[in-house]
Amino acid sequence: MQHLADLVLLLVLLTSFLILGTTRLTTCIRAVAVQGGLLGVLPLVLEPQWSAHTLGLATGTILVKAIVLPWFLTWAIREAAVRREVEPRVGYIASLILGVVAVAVASAVATRLPVPGDHPILLLATSLSCVIMGLLVLATRGKALIQVVGYLMLENGIYVFGLTSVDRVPFLVEVGVLLDVFVGVFIMGIVVFHINREFDSLDSARLTELKD
Amino acid sequence: MLLAALVLVPALGAAGAYGRPARHGAWLVAVAGVHLSLVAWAWLAPPPAILDGWLALDPLGLVVLTVVSALFFVVATYAVGYLRRERGGRGFASWLLAFLAAASLVAVSHHLALLWVGMEGTTLAFAPLIFQRRDRRSLEAVWKYLVISSVGIALALLGTFFLATAQGDLGPGVRPLVLDDLVTGAAQLHPAWLKAAFVFLLVGYGTKLGLAPMHTWKPDTYGESPALVAGLMAGGLTSCAFLGIARATEVTTAAGLAAFARPPLVAFGLLSLAVAAAFVIGQSDIRRLLAYSSVEHVGLLVLGLGLGGVGAYGSMLHLVNNALVKGLLFLAVGNAALAAASPRGGLLRAVPASGVLLLVGLFAVTGSPPFGMFLSELTILRAALGGGHPWIAAAMLGLLALIFIGIASMILEMLYAPAAAASPPVRESRWLLVGPAALALGVLVLGVAIPGPLQDLLAHAASALGGVAP
Amino acid sequence: MTAGPLVSLVAVLLLAPALPGVATKTKSLLTGRHGAPVLQLHRDLLRLLRKGAVYSTTTTWMFRLAPVAGVVTPLLAGILLPLDGRGAVLQFSGDFVAFAALLALGRFTLILAALDTGSSFEGMGASRDAAFASLVEPALFLCFVVLILATGQLSLSGMLGAAPAPSLAMVAVSLFFVLLAEASRMPVDDPATHLELTMIHEVAVLDHSGPDLALLLYGGALRMALFAALPVSVLVSRARLAVPLALAALLAGMVMVAVVVGIIESSMARLRLGRVPQFLVAASVLASLGVILQLLT
């Protein structure tokens, strides 16, 4: 089980790097969908015996993160008819290298903090890496949809960490987290739709009218 | 029962309002009135905790609840007049009431994850409200608001999870993430996780609060929303976000890590004051100016919290004052905009009543006696001096002076400078005036003589935060 | 020197030209064609050796040195690899640096020979080749770092016998990317292109003919074989197998790698030139991840 969990976490990290390094919007969305699916599998792999709670959580996560949200984002892309990203403020190669730095920092922090339960240390490192990489994508990318993908990555990182307290923090809050992601992305998607209509592009670098 | 009602009444009100054309603010006022009377009942007969201690009303929560409810009621009465002039948009009343429900949840929630759910609710409730005008600028504003606020909320969630991890393996009868158990079991909290939790909660909820450097969404958002929405955000949303930070401080102080928690609070507070001072001078748009003023005041809130001693009491008093004054200012500014008065000059002649209110607001927000903010700022200053931080006190005074200059120059110009085109004085609706006037009166009362029960409540709240009453 | 390593080396030397053939055959089959036979390169080499060479008047001794270096350097590098799963023909502490240096030397002479012709196409291709080579070196060394951390051994013979672990999976993938870059396969370079403007490695061998070309082609195949042997050795720990079985496993693994290369060639187009550095940095990123993982566990 330990190796399986490590493998899943590794794949989560790899999908994050894929999002950091790819130019195509559809690849980003597919990568975040795969990440969502992996996250759904993760609780099943971490717990040796599966309770109804774990199964419910896994199903809910896969449903929301791997199916509904990516579908919704793909719909938004189709509406906006965007394909490619322009070179972001921080270039792709620099983004990849920053991603490695993020993983290094996250791992360094993870070795300092005692991991709750007997979960692998890779769990903490992965969660913090995803958080940092999600923030990186949010901060450096121009297209609004990619920023939403970055936000999803951030939430995924938080979710991975939340799995360490699955037995302690009750069901209500996990549903709350999923709901948060769902509604947040939904609202963002609607706004993105409007942005595309208003500005004829999804380049949030164009959103510069309001300033001091 | 009462606690549940505090959350459910506005929630049901929101559901009921959705879909109806928001022509009449009557529904808003009615629900707001019921909510306010529930809060009054809570003052008279403190309700017991329910749901295994997840919902409970302690002094800190009651302060925030009262402030938000009162402000909301005033905004609701204002909305009656507002909705007669402007198109409300579908779901306007609904989203406002949704905010009230979420804010009530934040105030009565003793389970920190439930508090987070409430904060998330406030974030989402405001998004459509900011987007009321549906033009390019408000679209840009709502996008920035959503992105930055969502990141802040996500970081706060991570901080909440860290806090749960700090609790470690729970003993028998210890409830995870419940405030009372966190405080009583504070000595057993794992220090490294607790520190990490505090940092993330401070940054996360600080983003919602509008602390510098996470404040960048504020000017755009306050500038593009309808005035009453901006007023509600400046008074209500900030109070809720401050409650989040206050809870984190409460737990950290109980665990004996106050020395760790204080410096970041002071740092963020001073930075916010500095940023506000820098951007207030030479500001051309009144609403953006007020946004930076809001940054200043939340900076003061956090500064007071970080200074300890009487600073905590000062912060709580400032919380109340800030809500009232910001409401007053934004509503008055909104009146000027509704009357289509020129933004530069001649306001006193065009809309005399609102102009006077704006003048009152100017003095109130910059901390002049006899208004309430003078007392709260003085208390925080005393905390700085009493705690042996003369430099902090000096910096605070200097920055407040700069901000005074900036705000005063703009508002005085708006009021007194001769207008470009002499517009005839507009007859102002009663509904649009009674709200801000009540708020102005409230600020004056707080500056002259704080009512006894309120003083007791503030003192209790301050002691929970590790401070003392003056 | 025992027989095992020597026999393995000879086997790899004989098999090497078949690897490009396997890749091309896979690609042909996947695109619905019969394709050339797997041993085509062997036949081409024998044919070319019988021919005469033509030399341009602008070239100097560098041009004639490159083919020789192109065969000798991979051969010497092959001596350092533990092809039989136990030990290499020659091993010493730090031989992985010599390994990388020898292969880099071969590439370097080829680049110089291309510049030697004085033609702009060759110069362009050579500069691209050099740029990509410099981007790939860090990946290769980072992979070696992971192996050193995993095994504590400073010699290739010790490094390549580690037990499987997730960090080593990353290393294997990274080494595969390195293979694609060093052997000039897709998506770094298209071996089947005939447009000089799109050539990277191909253009460097454009001017050679006859036995020189044979030596260069053989050297290229040998490099591919060596780089294919690396990920196979990392993934499959052959230290406990009997020597014939270990050798067979290695050869089978190399053929599988060639098949995967063929699959990739049939499904992807060459990356836009500006995107190739990104791909190569991705190889370094994977290797760095491997380092971090190795340090974590």
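Residue numbering begins at 1 within each chain, and the chains themselves are lettered A, B and C in the order written.
Basically, a contact is a pair of C-beta atoms (placed from the backbone, for glycine too) under 8 Å apart; a residue touches a chain by one contact, two chains touch by 3 or more.
The structure displayed is predicted, hence computed values, not measured ones.
Asker: Going by CA means, which chain is nearest the middle of everything shown?
Answerer: Answer by centroid distance: A.
Asker: Tell me, please, which chain's centre (mean of its C-alpha atoms) is farthest from the centre of chain A?
Answerer: Greatest centre separation from chain A goes to chain C.
Asker: Averaging only over C-alpha atoms, locate the centres of chain B and chain C and give their separation in whole Å.
Answerer: Taking the average C-alpha coordinate of chain B and of chain C, the gap between them is 65 Å.
Asker: What is the distance, in whole Å, between the centres of chain A and chain B, each centre taken as the mean of its C-alpha atoms?
Answerer: Measuring from centre to centre gives 31 Å for this pair.
Asker: If you average the CA atoms of chain A and of chain C, how many Å lie between those two points?
Answerer: Those two chain centres are 36 Å apart.
Asker: Spell out the residues on chain A that touch chain C in their complex, using ranges where they run on.
Answerer: That would be residues 3, 6-7, 10, 13-14, 17, 21, 23, 92-93, 96-97, 99-100, 103-104, 107, 110-111, 121-122, 125 of chain A.
Asker: Show me the residue ranges of chain B that touch chain A in the complex, using the header's touch definition.
Answerer: So the residues of chain B touching chain A come out as 113-114, 116-117, 120, 124, 127, 131, 134-137, 139-144, 146-147, 150-151, 153-154, 157-158, 161, 164-165, 167-168, 170, 176-177, 190, 192-193, 196, 219-220, 223-224, 279, 283, 288.
Asker: Once bound in the complex, which stretches of chain C touch chain A?
Answerer: Interface residues on the chain C side: 166, 169-170, 275, 277-278, 281-282, 285, 288-289, 292-293, 295-297.
Asker: Any idea which chain A residues touch chain B in the complex?
Answerer: Touching chain B from chain A are residues 112-114, 116, 131, 135, 138, 144, 147, 151, 154-155, 157-158, 161-162, 164-165, 168-170, 172-173, 176-177, 180, 183-184, 187-188, 191, 194-195, 198-199, 204, 207, 209-210, 212.
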